[in-house]
Amino acid sequence: MSDLAQLYQQVILDHSRQRTGEAALLAPPAGERPEGYGSSHQVNPTCGDEITVEVFAGSAAPVRWQGEGCSISMAAASVASEILAEDGPERFRAAEEAFRALMHSRGRGTADEELLGDAAAFHGVAKFPGRIKCALLAWAAIADALAQAESTSHAEYTEGGRP
Amino acid sequence: MARLRGDFPILDREVSGHRLTYLDSGATAQKPVCVIDAEQEFLTRSNAAVHRGAHTLAVEATDAYEAGRAALARFTGAGEDEIAWTKNATEALNVVAYGFANASAGLGGSEAARFRLGPGDSIVVTEMEHHANLVPWQQVAARTGAQLRWLPLTDDGELDLSALDETVDASTKVLAFTHVSNVLGTINDVERLVARAREVGAHTVLDACQSVPHMPVDLRSLGVDFAAFSGHKMLGPTGIGALYGRSELLNALPPVLTGGSMITTVTREGVEFMPAPQRFEAGTQPVAQVVGLAAAADYLTHIGMDRVAAHEREIAGLLVEGVQRIPGVRLLGPADPARRIGAVAFDVAGVHSHDVGQYLDAAGVEVRVGHHCAQPLHRRYGVTSSTRASAAVYTDREDVDRFLEALAGVRAFFGAAA
Amino acid sequence: MARLRGDFPILDREVSGHRLTYLDSGATAQKPVCVIDAEQEFLTRSNAAVHRGAHTLAVEATDAYEAGRAALARFTGAGEDEIAWTKNATEALNVVAYGFANASAGLGGSEAARFRLGPGDSIVVTEMEHHANLVPWQQVAARTGAQLRWLPLTDDGELDLSALDETVDASTKVLAFTHVSNVLGTINDVERLVARAREVGAHTVLDACQSVPHMPVDLRSLGVDFAAFSGHKMLGPTGIGALYGRSELLNALPPVLTGGSMITTVTREGVEFMPAPQRFEAGTQPVAQVVGLAAAADYLTHIGMDRVAAHEREIAGLLVEGVQRIPGVRLLGPADPARRIGAVAFDVAGVHSHDVGQYLDAAGVEVRVGHHCAQPLHRRYGVTSSTRASAAVYTDREDVDRFLEALAGVRAFFGAAA
Amino acid sequence: MSDLAQLYQQVILDHSRQRTGEAALLAPPAGERPEGYGSSHQVNPTCGDEITVEVFAGSAAPVRWQGEGCSISMAAASVASEILAEDGPERFRAAEEAFRALMHSRGRGTADEELLGDAAAFHGVAKFPGRIKCALLAWAAIADALAQAESTSHAEYTEGGRP
């Protein structure tokens, strides 16, 4: 498989077109934010990619995001949203850590497929130092929004999205 | 022209198993061997601090340094004392902007009064400026209370000058604009802009980064007050740029960076500055880089800037035509090669520029992707980024063909050519 | 150590028919072949714009550029994000001073409030400062109304710290001082100065130009807030210097030069800056020079900075002793080689330094003459200029002998040895 | 003759020690300046050499100066003062022009000994680009002070110092 095909796995191309979690933001004004709400805006200054994420702790549809960026960064947003929505915050955090380690492995790491699911398809990105930031942007934004959401949530947001 | 590729050692290398197709000269140009050799020769023979020592090495180094200034003055139609060295064009533009800011803060005495800005004054920039000729002016506006005004763009990538007389009016103290857009490739009508600035008594600041490397430029006959350009974009080394200023103005502009080699007297109470250009050259200068840049200017002069421009116009024509033929690719900037240089930016429908660039790189084709330090421009055309192929004197038809061939495959690969 | 002279190609040349005796390393050092080669290798293989492109060349260039930062951070005991590139030390010191000035003009938001200066505040410098760490502070004082205070010198060329507690007091916001004097060679007591600055909450700004090339320096353990040094004095290229700042401070200091590659977002209304170090790196950086500088740091590390310092201390001892033995020659600075580096300045009774330098040059001996960008220091010692012989790692006993032999003839030649 | 001996001709070394015109400055306050008074302060920033010159148009001792600098610059001040005092302003101006041309000849010019007198000994300086400014500093200062002096002088200051 060429480097290019390793980078742009079909899973990634699919997620970049069929994006889980992409939706109009609710952006409630400061006074009207529900409990368990968090949001984060992240920019990759090298290429101008941006993403804004809203997390609703404890909700059945816990992530909404809007972004602008390359297929790697959009696919990453979709994959990461899916993991948070389906596996809950604990697993998301574990996956985020594993994903970050994979990206910084310079292509020598192996992906924990069980933990990472579709995100394992990003292992080829680690060989492209210029693209690692693209893959990490959405993860960082979701993790940040999630941390905020949890800090405003009375009901502890636990495993599987159920309070 | 074909033979001169041999002068650029890097063009022999491969990328992703293909011949290197370097189409990112708009970001930084490759260096001919004469430039690399000139620096090396200097470092192994005459390296010393300039304007500071009386010994043989220092005298030789000073001669080389000042000969470099003379060479670049000749190359750009400036007087020798009208060229001050900076580290890049960005510094040069900042020196002008801070000169205005410092004058506005009361520095520089009565000489500098002409540079004072305040509420009620306006600074005019264009929507196609590189951030380097934009952010410094935003900063000056913020600190002096002057108003920042914008000259807009037409849909086909030219300056829209229909409201020029209203935008540049009696309140205007600075008109800062680029000679050539680094994204659109557009060559602006300097004459008309300078004429209007003169009518209202505004100072003109020309960003000549993308003109000096690609066409004959005579700064004095353009009539601008200040101009900036970079060495690394004109086949010279990194770490060297130049500020041009009309002699009278450059001597009146308050210096920005202060320190050694730019003062006549320092007492405990105060300081007196040297005349231009030295007053802008604080500390040890990029001497070896000046020597390299002079070699680059000589190399270009030897080819002839008219021939360089003609060659690049031909490449521009091929690029523009080729890009427009590919379905789903939208050209940014003028289609007529006579109105532009060979920096050709475009948007690929449904594929982000970063992905375009990555795909091309796999074919050995090196292009620039992103906002090219021109975010307002991209916003004007409804995109946040674009892909740019940009030529230099060593770019040939094969580069263009390889690029176009790869570009034609992009949308299918990313599933965007539905 | 003797063998390493062979690494410096310029040392093979002749001057005035003699072997070159280069004793002007304090102004600028000569370059080992590995530095020259590293730049050349970069230019012929990986030259591209950094932090801007996604293509292979750009990625390689960015890697080389950031590896250079990591190398210099290691070399000086700094964190990687605590080193911002500048064109020379002078720019680095100006960036700090303008950072304070910009903060005082209200830029940089609440983060930058700690850098605001105004009437009632004081800035303290020393009488031995190079103009680069003096004039910028005079300028800031002039524009903010802060008072400039001076730490005086003792007759034998040390800082006189007897009134330190009165000079650096609760009003003091900045204490700017040199690690090592470029004229006297004196090594200052950084620890004591930092301790006093901390007591009163003043920021410390260290001019490390003459320490980093000549002795082991660990900026974090010195505890200074900001520091500056130049590549060309530490066997590296011209056109590259560095600003060190404690991470927290560097991220709060308002940027000075603005433009491309240091912003996150530019709109028509305003701008957001990147964190440090990028916020201080506007425009295309001296990339090849960073690569060369990293090679220089590696070269010095390979020798070992302890050995470098020991070697130069030996040379300093020979120079000081030799100079003092010649009738009519007055040493400026401490006689004890343990308190100084091998930059040895002196006054020759009845002969102007310019004439001394010319006479030595005729013997192939290259020394610096003049005020060495330290006019207040010279005034303190009752002279307007001096002659300085300064060593680097490649200086050997033969250099010292040739120098002393020539120096011994100066006064007779000029009829001053009556 | 070595380059060094050509640069430092005996005439130059002598003038640098026995300086014509060197004297305490009178520095009259702005309101009390006599007619025909001019003064000029010049600095060579490369090496810090400085000179202050006072010219008294029409006086028998038309130049006073104080300076600090290398033997070349001090000798030049002495030689140039002597020419102004002995030969008058017309000849001084002609000599100044010839001297300037000689300095910029890169060592290829020949000195007009009749016009330049002792100043002809400076021809070796032209081979040392780093020293040319030293030789020219005093000439420039005297010429400048003289021009001022003449502009404040009613009585035209003519040939030989006699009005």
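Going by the order they are written in, the chains are A, B, C and D; count residues from 1 in each one.
The definition used in the following text is that a contact is a pair of C-beta atoms (placed from the backbone, for glycine too) under 8 Å apart; a residue touches a chain by one contact, two chains touch by 3 or more.
Keep in mind that this is a model prediction, so the values were computed, not measured.
Peer 1: In the touch network of chains, how many steps separate chain A from chain D on the shortest route?
Peer 2: 2
Peer 1: From chain A, how many touching-chain steps at minimum until you land on chain C?
Peer 2: Each step joins two touching chains, and the minimum needed here is 1.
Peer 1: If you tally the C-beta contacts for B-D and for C-D, which one comes out higher?
Peer 2: Pair with more contacting C-beta pairs, B-D versus C-D: C-D.
Peer 1: Centroid of chain B to centroid of chain D, CA atoms only: how many Å?
Peer 2: 46
Peer 1: Could you please state the distance in Å, as a whole number, between where the Cα atoms of chain A are centred and where those of chain B are centred?
Peer 2: 39
Peer 1: Need the CA-centroid distance for the pair chain B / chain C, whole Å please.
Peer 2: Roughly 30 Å separates the two chain centres.
Peer 1: Counting only residues that touch at least 2 other chains, which ones in chain D make the list?
Peer 2: Correct list: 46-47, 128, 131.
Peer 1: In chain B, which residues are in touch with two or more of the other chains?
Peer 2: Touching at least two other chains: 16, 52-54, 58, 263, 265, 354, 358, 369-370, 375.
Peer 1: Quick one: in the complex, what on chain A touches chain B?
Peer 2: Residues 2-4, 7-8, 13, 17, 46-50, 68-72, 74, 128, 131, 134 of chain A touch chain B in their complex.
Peer 1: Could you list, by residue number, the parts of chain C that touch chain B in their complex?
Peer 2: Residues in contact with chain B: 9-10, 13, 15-16, 20, 22, 24, 27-28, 30-31, 36, 39-40, 43-45, 47-49, 52-58, 87-91, 93-94, 98, 105-107, 130-136, 138-139, 142-143, 148, 150, 230, 232, 237-241, 256-261, 263, 265-268, 270-271, 282-289, 354, 357-358, 360-361, 365-370, 373, 375-376, 379.
Peer 1: Touching chain A in the complex: which residues of chain C?
Peer 2: 51-54, 58-59, 62-63, 263-265, 274, 278
Peer 1: Considering only the defined contacts, which chain C positions touch chain D in the complex?
Peer 2: Against chain D, the touching part of chain C is residues 16, 351-355, 358-359, 362, 369-371, 375, 384-385, 413-415.
Peer 1: Residue numbers of chain A touching chain C in their complex, please.
Peer 2: Contacts found on chain A: 43, 45-47, 128-131.
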